[in-house]
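Working notes, beginning with the structure itself.
We call the chains A, B, C, D, E and F, going by the order they appear; numbering starts again at 1 in every chain.
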Amino acid sequence: MLELMLALPFVLALVLAILRDAPAKAVAWLAGLAPVLALAVLAWLTPAVMDGQIPRTMHEWLPQAGLAFSLRLDGLGWMFSLMVLGIGALVVLYAYYYLGPREKYRRFFCFLLLFMGSMLGMVLSGNLLLTVVFWELTSISSFLLIGFWFHRDDAREGARMALTITAAGGLALLGGVVLIGRVVGSYELDAVLAAGETIRAHELYPWILGLVLAGVFTKSAQFPVHFWLPHAMAAPTPVSAYLHSATMVKAGVFLLARLHPSLAGTDLFFYVVSTVGALTLLVGAWNAIFQHDMKGVLAYSTISHLGLITLLLGLSTPMAVVAALFHILNHATFKASLFMAAGIIDHETGTRDMRRLGGLRRLMPYTSALAIIASLAMAGIPLLNGFLSKEMFFAQALEIEGHEEMRWFVTIAAFLFATFGVAYSLRFVHDTFFGRGPRAVDQDVHEPPRFMQVPVAILVVACVAVGIAPQWTIGPFLETAARGVLGDALPEYSLAVWHGVNTPLLMSFGGVLCGVLLYLGLKRVLDLHAIVRQSQGRMLFHLNIEALFRLGRRFTHAVANGSMQRSLLWLVLVAIAAGAAPFVAAWGEPREPVAFVSQPMVRLAWVLWWLLVTCALGTLALYRYRLLAVLVMGGCGLAVSMTFVALSAPDLALTQLLVELVTVSLMLLGLHYLPKDSPRLRSLPRRLRDCAVALAAGAGTAGLAWAMMTRPPANAAAAEITARSLPEAWGSNVVNVILVDFRGFDTLGEITVFGIAGLAVHAMLRRARMAPEKVMPGPPIKLPVPADLAQMMFPLTLVVSIFLFLRGHNSPGGGFIAGLTLAVPLLIQYVIQGAASVETRFGFDYIRAIGAGLLIALGTGAAAMLFDRPFLASGHYDLVLPVLGTIPLASAAAFDLGVYLVVFGSTMLILSMMGTLKPSKTMIAHRGTIDPATRSALTGEAS
Amino acid sequence: MNTPELAGIQIFGFGLIETTIGIAMYVVGIAMLLALWRLLRGPTVPDRILALDTLNVTAIAELMLLGMHLQSAIYFEAALIIAMLGFVSTVVLSKYVIRRDIVE
Amino acid sequence: MSHLPILPILIPLLGGALSLFVEHRRIGTVVQRSVAWVFMLATLAASILLALRAHEGPVLVYLLGDWPARIGIALMVDRLSALMVLTTSLLAGACLLHACSGWDRRAPHFHALFQLQLMGLNGAFLTGDIFNLFVFFEVMLIASYGLLLSGGRGVRMSAGLHYVAFNVAASTLFLIALGMVYGVFGTLNMVEIATRVAGIPAGSLPLAKATIGLLLVVFCAKAALMPLYLWLPEAYTRAPAAVAALFVIMTKVGIYSVLRVGSLMLGEDAGPLAGYGWDWMLPAAVAGLALATLGVLAASRLRVLVAYVVLVSATTLFIAFGLRSAGTIAAGLYYLVHSTFVAAALFLIADLVRRGRGDAGDVLRAFPPAPGVRVVAGAMFLVGAVSVAGLPPLSGFIGKTMLLQAIPEADIRWAWPALLGSSMLVIVGLTRAGTRIFWKPVPVLPALPDGPRPVRGQLRLPETIATMVLLALGVAMSVAPGPVTAYTRAAAEQLLAPSTYIDQVRAAMPQGRRP
Amino acid sequence: MSVVWELLLVALLLVGSFFVLMGGIGLVKLSEFFKRLHAPTKASTLGVGCVLTASVGYHLFVGSDPQPRELLIVAFLLITAPISAHLMSKAALSLRMDEWPQLPGKSDEDTHVPPRPDGGDDEGY
Amino acid sequence: MEMAIASGIGVLVFAGVYLVLRARSFDVILGLTLLSYATNLLIFSSGRLVVGKPPVLQEGMEATLANHTDPVPQALVLTAIVISFAMTAVAIVLAMRSRADNDSDHVDAGDVRDGREDRG
Amino acid sequence: MRWRRRFLPSLPLTLAIIVFWLLMVSELNAAQLAMAALLGLVIPLYATRIDREFARFGSLRPLPKLLVVLLWDILMSNVRVARQVLSREERIHSSFIWYPLEIGNIHGITALACCITLTPGTVTAALSDDRRYLLVHVLDLADEAALVADIKRRYECPLMEIFP
């Protein structure tokens, strides 16, 4: 049943969200259905609750985290459900009339039902985590409701402020709840409520309390974060009537009451909660006097009353708790009706500014009467419900034991509360309904539609009924609710209008008297209407948020300024740190002597060393003259290749050489479209810094390499590979066997990378038009003599390529080297004959070559799967032919064929794309031609 | 396979041919460094291209000498490729100097 | 024998290769998309099966080439790998759907690159060999370059250059680290390395530490951990939407690798190296979280904001994993999956906004989205924002709650404020962005006489569905979190017991060879 | 016999390395590009040729590789080195690094501007 | 020999890193190329330095590491060379495109943070 | 003839490939012969797509003599260049000359360019567009006419016979 009750608002919200183009009336009816049906369910459950039973239901949600969908309906929950649903139903009715014909009914009621459901879920929740879930849902849905008129600045600001503060509180609450879960070992409310002693005795208690109270205080708009509430008044009035009288703001005090058995009862709780409550009460009440907006008065009054409730819960005596609950109910009724009345007035007159209103008593008698009664209830005038709970408050204030200074403080606060309350109520009534006016209202003012008054009337009747006959009307309910909090500790109390002449009564009368005097006095002394009070909270909030954004911007722009140099610098620095840290940490520790025999220098090592080092430094020295740097870097490549040869790695040397050549070609192709040199960097410190970083990186890498090389090798795996290469993989070039067999999967990935590079370049250049940096005048050059030679070389290089491919498994070579070797003669043809000539003659589809290569490699690997062996398991077959003898067929060769095709295809695709770029049509203005007469022989560029 | 043997002439206690190979390696190495000097020094672009070309050619000699020194034929492919690519890179670089656009 | 572990790699490779043959204009979009979807769905199916198999407990070992793991390459699938693969496939499905609303026709080779990207991602998650991991990193990266740059122009090129250069530099570092790994440990199989780590002689300890430290630096750079995150915002925000959404998983590859290396090489059994480097990771994560959060506040464009949200989630993950308890890791894994889906959805939404607002792009200023876009995008943004900010009832809340619960007592003092505070500020940032984009009315501008009308894109069905699918995955994770959390919990426990993993992998025998 | 072979090899090596060195020295010592061009294109080619020939002989006798494959490289170098030189001088000419004589039979119309490498006539292309 | 290789690697890294930290795309690419030389040498040297024992098996010579150098790093370097080459190719083309599209070869060309893409 | 041109576009090339292959693989057996033949047949088919004239020899008779002369000249020129390199540079008077060509076959021109570059102190620097002049740089020019005549006699004439 509880699920049904809770589901109703959500389901109907969903229905509303889906419905399109439904008339407003139907929407309102559907929306009203939710609270009405839920109320019916609640009514059905009421007898059981009154009996002291707690209907429960539980569904697992996330047992690992202790999160369960468990609902329970005890007295407190019942009371709040009643409020949420009852006032909810009235608000729906009211809102139907309130919203203008052009308003988005569907969205409004959808959000309203979402909120209603969230609120209901919160009060029904039997699991603290679930409470947090619904708690935050109320924040979100209230954000949507407050921002309903999102085209208005104040609505957006109010919504953001409310969400920011309540969501922050919600996060704190989450923290608190998780801590409670740690202490108690469960999030089930029953367990938590039963574990009050444990919680209070735990060392985490202050933290728990602080975090939970942070949630409570933000939600219930307690000082000093109360300021969001007045700004939430930018919401449509039905929303205010609902959220800020009965529901949203009550969520905080609800939770305080809910966790009262677990958290209350310590001095810390007493002092913190009562002090905050008392301060809120005073601040709210005092500010309410100076508001000109009707809803402003009501908002500050709400703050003040919430302070009162908090204060009562802080006092923690059973009677105080009863009073708090009683006041929650009372406040909900009169404040909801007042908000609705204010909405009616706004609706009819077009303003809520009390400075422009007045004399409405004559124009709207019924509404005025209702509003005045409700205001009196708010002021705590006898025979109305507000009076009763206020009396109880006074009594509790006077009975504080053991904390003398608190008793004085609270009593004075209570008296001031009464005084201010009377004053602002008086002002509210007087400025609106009495005197001359309405001033400066150009509308024809009359009573609203009858059914718009009905909700107000119902609530006011409730105020009066409770005020006159509390025991009959509210008594049983209150008792049920109080039992929900206090359990067996329910005090003896009597709900009666007359308790005889006692101090509270005198205080009440004194308060009324002082309030009237205060209002009259203020009116006499000050020009109330001229006082414009800025909301300091808002300003502070605004400043803080702005400061926050500024901080974010400043930091982010200072740190993440989009500079690539900075990214790379950090990478280098972190790498240096990571590499150096262990050695620094191990500095002073005794080092074991390294048993290591250094390799003697190879004969030509000294040449290579000089070549390598000088070319590296030469590249560095010449980097600004790019062509020269590329040239000098060619020396580096040669040195590295020769080092590989000298150190027993012919395959590497071949690959390095080929790649080096193609890289240089690509760089030259690229240089055609890039500036010829780099500008000089003026900043010396910057250069020095980079130099230092580079030195550290170089030294660090050298040190690491040296330390690694001088360790004895751990190459058992390599030995095994070497030993198994010939008998099991049928290849004597172990490097190639590793590439196509042992680690063939790496190669598959590698050719994929290579193929993708081709595709990426193709994608980037396919439609690109670029202006070359500078062009030489004249038509393309032909070089007959080199062309002739290249033509002769072409078939021979093909032979070399095939040779390297076929022999690769047993000698240096293989698919990759062969593929590049095949690309080289074509490159020459491109260079000498021009791209167009080559491509028309050969008509390769390089992209398909890449695809085919990948498919062949993949197919070869997958063929093993047909034999129920893993991917890439190699096979070998000796084909014996009559004349030719034995021809070894190896699956590895097929795999290598895939490599061959991909490498060839991709290399040629890249070269061809870069070589056949079309000049830009628009950007040509930036670039120019080189005057042959002015070219510098030093750099080859125009000087 | 029955291969003829070298005489193994000894000079100052070292094999003559070995010593000669060693000397040749040093001499060719010096030539490489001279080419390197020209590569770095320039002054003109064609000078550097020429130096790079010379480096490639001398590298072939050096590699073959190393092959003799280590009595291994494994360096053949590397030398062949260097010869091939040295030419190609000279073509490409010269074409760049002449036309800036190496593929027209 | 079962070839299941390798299928998530081979299927996309085949798909990518075949895509190259159907690219011609004559063949038409339908065929191209059909091919892409056939392979996408097959990959997805394989991933699901793999996840189910992995959940049975034992590590699946696939010996490529039928060589024993110590000399060949082995794929190793534990729950974590399978989870990552499944997440990737689900995400990729949505991204592909989004791309099929038109981007795939404007970006040359899109489908091939997309499939190969998928191959790279899956390979990185499945391989058990650290050099093979590098190779798949590169496959994934170069495919991402292609996807990022294909069909692009202008600023995207310079952002791409930044991204490429940084990643190439990081890959260079990776290679240095790999050289060191082989030089120090003499093997590349991660399990073999793990067994040798403990026996490293004292004299070589600093070297081993430096080696693994460099590896971690690389992974952290890919995962965009402070201070190596500077490359991320630009690259992600300049990418086309579907690609940006797919990129969300890329930071996770780095995180996955940290987790894997941390579990195997720095785990309990790692002797003197146990826990090395983790002490640094937590402060870096917290600082990174702070900076990422400030970035969320500072963002002037929606996509930048989402990029920083990605960073927030990445750093949150580092906190979770850095604490190295089963609880935090489990929570972190849940959070990882959730944040992947949601952040990807936010990228798609941001793109919708950008298109819907024509010239205004996704700048956080008032500008009217096309009617229809506002409502749909606004609603989706709300769901995404709620989820990513960790507000209930969506997956972010569950993830964050589990994380808060799991953080050990001693670390609460700094971890909680960091996590909760960041959540708070992310809410502030998202609220501002949302209200500005979807709520703020347009200032009335003087009408330009002959000025170009802003071209505002309309909703396209595949895009909307793709976004909704991603959001729905997040919602599903919050409605029924049980299976996912059970899985992540088991994965975390598996991860914290590397010795069983190691034993299972070493026990794997070739089929047709001597072991 | 083998003594002769060995001495021949030694001679080849010495001559070869000497010429290679000459190429290097010429490259460094000579004062302008076109002069420098002579040294390496000739000397190095011959020098390398000698070394390669020695290598063939040496491997033949040592038995590590009894095939004259190095001759392929020699042939290759002999063919390509001149063409490389040709291209490099073309590059140098395009940079106007030297003056060269007027093409016979052409008019003096462009006396002050040196003719383009191919005579400035585009029709031949 | 080890010292020579290590110092060579160091110098390459020094030059490479300095260039990588420059502001122009081409300089960065040059730097990355130098760095890739360094990494290739470093990975290669992880198999230790052995002269004249290439990992090509020959008849009559036992297939052990006494006769042949460690082949694994060589295979790794091959893969690394290929991959770096692919990356370099992409980077060069990207540098060209970035230069053409953004009118500058500065690595942060095109006013990255508030680019024209958004200004419309 | 047509059949031959279609399937065997250039016999010299085919032969060259076969020899080249056998030299490369350093094996002489049936399988390698078959492979060489296969390549020799297939590659020219492919290579002819470059669409330039393939080597067609006139007479190979002058070739041995030319080779010997060339070898000798190479040796001599190297000695001379070495001497010049080692001597003082002021004595070297280098200069360009235009060498008038009579040979028209492009292969012949290429071969001649090779010969000139490889031999006495000369380097070819360019070919005129009409292919009638070779620009030759002479390291130490004494007598231009004598040099031209020398080249013509020693190289160009035999080459014209080989490449008619």
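Details
We adopt the following convention: a residue touches a chain if its C-beta (ideal position, glycine included) is under 8 Å from a C-beta of that chain, and two chains touch if they have at least 3 such contacts.
Everything numeric here is computed off the predicted structure, so don't read it as measured data.
Note on connectivity: the fewest chain-to-chain touch steps from chain B to chain C number 2. Any chain touching chain B that also touches chain F appears here: A, D. Averaging C-alpha coordinates per chain and comparing to chain B, the farthest chain turns out to be A. For chain F, the chain whose average C-alpha position is most distant is A. Comparing chain pairs D-F and B-E by the number of C-beta pairs in contact, the larger count belongs to D-F. Chain D and chain E have centres, each the mean of its CA atoms, that are 33 Å apart. Note: centroid distance chain C to chain E, computed from Cα atoms, is 26 Å. With each centre defined as the average position of its C-alpha atoms, the distance from chain A to chain D rounds to 69 Å.
We define each chain's centre as the mean of its Cα atoms; on that basis chain A and chain C are separated by 16 Å.
Multi-chain contact residues of chain E (touching two or more other chains) are listed as 20, 25, 28, 38, 42, 44-48, 51-52, 54, 56, 72, 79, 83, 86-88, 90, 94-95, 97, 107-108, 112-113. The set of chain C residues that touch two or more partner chains comprises 131, 135, 138, 142, 145, 149, 161-162, 165, 169, 176, 179-180, 183, 234. Residue positions of chain A touching 2 or more other chains, listed in rising order: 557, 562-564, 568, 572, 602, 606, 646, 650, 669, 671, 701, 705, 708-709, 713, 715, 717-718, 721, 742-743, 746, 750, 753, 756-757, 760, 764, 780-781, 783, 785-786, 789, 792-793, 800, 811-812, 914, 937, 940. By the document's touch criterion, interfaces exist between A-B, A-C, A-D, A-E, A-F, B-D, B-E, C-E, D-F. Against chain F, the residues of chain D that register as touching in their complex are 18-19, 22, 25-26, 29-32, 34-35, 37-39, 41-43, 45-46, 65, 67-69, 71-72, 78-79, 81-83, 85-86, 89-90, 92-93, 98-101, 103-104, 117-119, 121-125.
Against chain E, in their complex, chain A makes its touches with residues 557, 561-565, 568-569, 572, 598-602, 605-606, 609, 612-613, 616-617, 619-620, 623, 626, 629-630, 633, 636-637, 640, 643-644, 646-652, 655-656, 659, 662-663, 666-667, 669-671, 673-675, 678-679, 681, 690-691, 693-695, 697-699, 701-703, 705-706, 708-710, 713, 715, 717-719, 721-723, 725-726, 732-735, 737-739, 742-743, 746-747, 750-751, 753-754, 756-757, 760-761, 764-765, 768, 770-771, 810-812, 816, 903, 906, 910, 913-914, 920, 923, 926. Every residue of chain A that touches chain F in the complex is listed here, in rising order: 784-785, 787-789, 791-792, 794-796, 798-800, 802-803, 807, 829, 833, 841-842, 883-885, 887.
On the chain C side of its complex with chain E, the touching residues are 131, 135, 138, 142, 145, 149, 153-162, 164-165, 168-169, 171-172, 175-176, 178-183, 188, 234, 238, 300-301, 358-363, 454. Chain contact summary for the complex, chain F toward chain D: residues 20, 23-24, 26, 74-75, 77-78, 81-82, 85-86, 89, 92, 94, 96-98, 100, 110, 113-118, 121, 123-131, 133, 135, 137, 139.
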